[in-house]
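The same chain A turns up in both complexes below, where it pairs with chain B and then with chain C.
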Partner chain A sequence: MIKLENVSFKYENAYVFENLSLTVKDGEKVGIIGESGCGKSTLLKMIAGLNIPTSEEINVDGEKDPEGIIKKVSVVMQSPMLLPLSIIDNITMGHDHDEERIEKIIEAANLKKWTDSLPDGLNTYLGDRADELSGGQAQRIAIARAMFKDAGILLLDEPTSALDGENAASVLEAINRFTSDKTVIHVTHRREHLNGYDRIFMMKDGKLIEA
Partner chain B sequence: MSVLLILIKRNKFWVAFSVLAALLSNLSQMFFANLIGKLVNNIESRSAITLSFIITAACFIVSNAFTLLLNQYVGRLTAEKMAHSLRMGYAKKLLERSLKEKYTLDTASAMSIAQNELSQANTYLSNTFFDITGMLFMAFLATVFLLFKNVFLTLVFLIPTFLILIYVFFSSRSLSGIVSKAQNEKNRMNKVAYSVIHAFYSVKIFGGEKLSMKAYNESFESWKKQWQKMGRRSALYNTLSGIMSMIPLLILLLVGALMVIRGDILLGTLIVFLYLQSSLTSAIMNLPNWLANFKVFTTNLSRIDIS
Partner chain C sequence: MNKSVFKILKDLGLIRLFTGILLLRLPFDFLSAVLKANILESFIRLSEQGNSADLLRTFGIFLLLSVLLFGYNVSIWATVSIKADMLLQKKLREKLLNNMLSRTGTGMEKYSPGDWVTRLNNDVDRVNDYLTTPINFMHVAIASFNMLLSSVVLVILNSRLYLLTILVTVPFFILSSVVIIKKIPLYRKKAQESYADYTNWIVPIIESSDAINVFEGEEIVLKKIEEASKTIMKENVKAHTLTAWSSFFNIISGNLGYLLLLLFGNSMMGTGINDYAELAKITQYRGEIMKSIMCVNAGLNGMKGNVSSAKRLEEVFTEEK
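Up next is the complex of A and B:
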């Protein structure tokens, strides 16, 4: 369960939100929409333990400490942030993995066609290919990475913004399949991506309004 | 087209001006050396030193100072102009890219390039590039000048010099491969460091600390290996070329002294030869080092896209 009670957050002087509350039950799927710059990413980072609230506390699956929270969540950030290592290293981040599961994830993230076409496949080194990698490919690697971590809570910040309609639809469908028993908070500009979600919030003026 | 050529083309006026300034300065120094030679000859033949001779010498002293100043000033300015073209060219190229298609690893490498390759190339341009080209230019002009004075005596030191040059070029070629590899490893290491800083959040969320450290250590190890190899090789080559660069000087001294004793040339002429030949000696002595640094420079440049 995720529980924010009267949390506030500011970067420099201006508060992005004040006294914001949100409770998300286990297994619930929650969508957040709202104008650009209203604070959606800021909120998501807070739930991930990356932004520390300036007042009150947050509770994510019983964890209050950022170092503890971070272990409970998996995140697809608005920008992918990859390392100049191989594709597989970027997905597993150096953790042990079994081939079968990786294969499933690669397929779900719509990466298979592309990685199969590479001479080195999943071992392709990304560092030298920086200019060849498209935003969509990078984003799908980030999605595969989030799936691989297999945490109980998945936070998505416009995970398919760089994908075309068809790609986005199939990746989202796969994400939904992967997360059927997980808690999901999904930030997006496109409401149609939130079909079948339990609750949808609109973020405005530092408040969350159920839409 | 190579980045260096683009830089020269974009600053052709300044490059031409600095070549001209270097030419003037070098010519002035050579004629002054020639004058000193004449003075020695006059003393040797015990003929009188005229007033016009003294005035000419004074003029050359002033001209030496002035052209040297001009040369340095224009050289530095040109170097700064080129460094500016490089920076702005890179920034412009980045701005032209479409944002949507760029993902963040690329931003990290852009940062890394700006902080490392670009700043090193700029430092080289500002501090070293024109000094080196100036010295090589002087060595070339001095040789041409001496050829006009006495072909035989020039060939006496020029032929062994050429043999040494061939050696230097071949040894530098094997060195430059290593240098370029070492520089690429260094750039890679920097890129890893920048990417890890850039992707800090992802590293934390996905527990990639160990992987990041491993990647950094690996890139550090492979850089270190190349760097040590480069150090050993360049020390060897520099020592050898340093020793060899003395050979033409010794031959010149031997043959020149014989010619003076036989009365073929005057002592002043030999002094001019010894003085100007030293610019060639020092150029050769430093050539492997220069070529290695130049290779680092062009390796850095090749990663900065400004076209």
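Up next is the complex of A and C:
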């Protein structure tokens, strides 16, 4: 369960949001919509333990310490944040893995057809210009990375905003495939991407209003 | 001067300026050598004669000449050279930036972002070092000029001693300043390439720090960065080792020269020499030759270490954008 009670966050002396409360039950899927710059991403990063609240605290599965919270969540951000490593290292981040599980993840992330076409397959080095992969490929690698971590909570920050319709659909399909039993908070400005979600909030003027 | 450095200077329109500075600085070491040799000769001679009045007057003259000579040298370094140094860096960075800005996307992709940063910062600095900082091109030229003219003086004063000096130093000079340091540019080039790899990690670390945190990627990132920095160190150590060997043979050459001088030089030095004062003057010129050879060797080491950067910049300037 994720619990925020009267949490505030200040950036350069101005509050991004103040006294914000939100409770997300285990397995619940929550969407947050709002205009650009309203603080949705800041809130998501705070839930992930990447931003420290200015006042009060966050409780994620009983964990209040940001370092502990980070261990309990997976994130897929707007930018896939790939590193100059091979595809497999970008997915596993150098952690031990078994081939069978990786195969399943590659399949579920809609990466198999593409990686099979590469001469070095999953060992293809993404190089110093990992950002030059197509947006869809890069984002699917980021999703595969989130699948590999297999945390109970998945935080999505506009994962399809830079993608065209077909790629966005493919990425959303990959996300939905592995989140059936997970707690999800999905931040987006496109409400149609939140179909089937349990609750949807609108973020405006630093407040969350159930839509 | 290396042809890549010459071409860069020519393209920047700085050949005349650097030639001017070089010509102004060129005679310094030799003039200093002449001054020192004559100070020694005069002081010893006047002391032997017990002529204290002339000794004081001579001291005053040499002091004045030394101050003027060093003042002249410092003025050139401090004003003209520093201005030339700044102008070179400014023009070279501008040229490289203009080259980058006029490139197509594919042209930019020829080098990684880290490689561009390395060329723009480190390589430009090294070309500047080659041309303006001590123990590089300028010192090699000045020391070579001193070596040449001191050799002429020594040949005139005592050709046998000159021959003995050359017989010992030339083989060692070839070994230490030509053969041993030959591979330094290659190792420095590899070090610069690894430096570029290392720099390539900076942007992803900044941009992907959240992903590194959430997915606990610190270990693999640190491992990869360590690999890049190890290669930099490895290549630099190889270059330093060659420099050390080069310096070792240079020192051996100097010491062996002294030993031979002690063993066989007595009769040679005595030939045609009137007094101890003249002998001191002659050995001073011999010392200047040895000092210049050491300086040329050290300077060549410095130049070899920096020349790969000039080649890396020339590569960018000459290829299709």
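Following the convention adopted for this analysis, the second predicted complex is superposed on the first by the 206 of 211 C-alpha atoms of A that agree within 3 Å, B and C clash if a C-alpha of one lies under 4 Å from a C-alpha of the other, contacts with A are read in each partner's own complex, and residues count from 1 in each chain.
In this section, a residue touches a chain if its C-beta (ideal position, glycine included) is under 8 Å from a C-beta of that chain, and two chains touch if they have at least 3 such contacts.
A quick note: this is a predicted structure, and the numbers were derived from the prediction, not measured.
On the superposed chain A, the positions of chain B and chain C overlap enough to count as a clash. In the overlay built on the shared chain, the residue A:T115 is in contact with neither chain B nor chain C. Touch criterion met: A:A162 reaches chain B, while chain C stays clear of it.
Of the two partner chains, neither chain B nor chain C is touched by A:T42. By the touch criterion defined above, A:G94 lies against chain B and chain C together after alignment on the C-alpha atoms of chain A. Of the two partner chains, chain B is the only one that A:Q139 touches; chain C does not reach it. Legend: residue contacts after superposition of the two complexes on their common chain; A:L126 is shown touching chain B, with no touch to chain C.
Among chain B and chain C, the chain that touches a larger number of residues in chain A is B. Comparing the listed stretches 23-31, 59-67, 185-193 or 257-265 of chain C against chain B after superposition, the clashing one is 185-193. Residues 45, 48, 50, 70-71, 73-75, 77, 79, 81-85, 89, 93-95, 127, 130, 142, 145, 149 of chain A are contacted both by chain B in one complex and by chain C in the other.
Listed in rising order, the residues of chain A touching chain C in the complex are 45, 48, 50, 70-71, 73-75, 77, 79, 81-85, 89, 93-95, 127-130, 142, 145, 149.
On the side of chain B, the complex with chain A involves touching residues 100-106, 108-109, 188, 191-192, 195-196, 198-199, 201-208, 210-212, 214-215.
Looking at the complex, you find that chain C touches chain A at residues 109, 112-114, 200-201, 204, 207-208, 210-217, 219-221, 223-224. Across the complex, chain A meets chain B through its residues 45, 48, 50, 70-71, 73-75, 77, 79-85, 89, 93-95, 126-127, 130-131, 133-135, 138-139, 142, 145, 149, 162.
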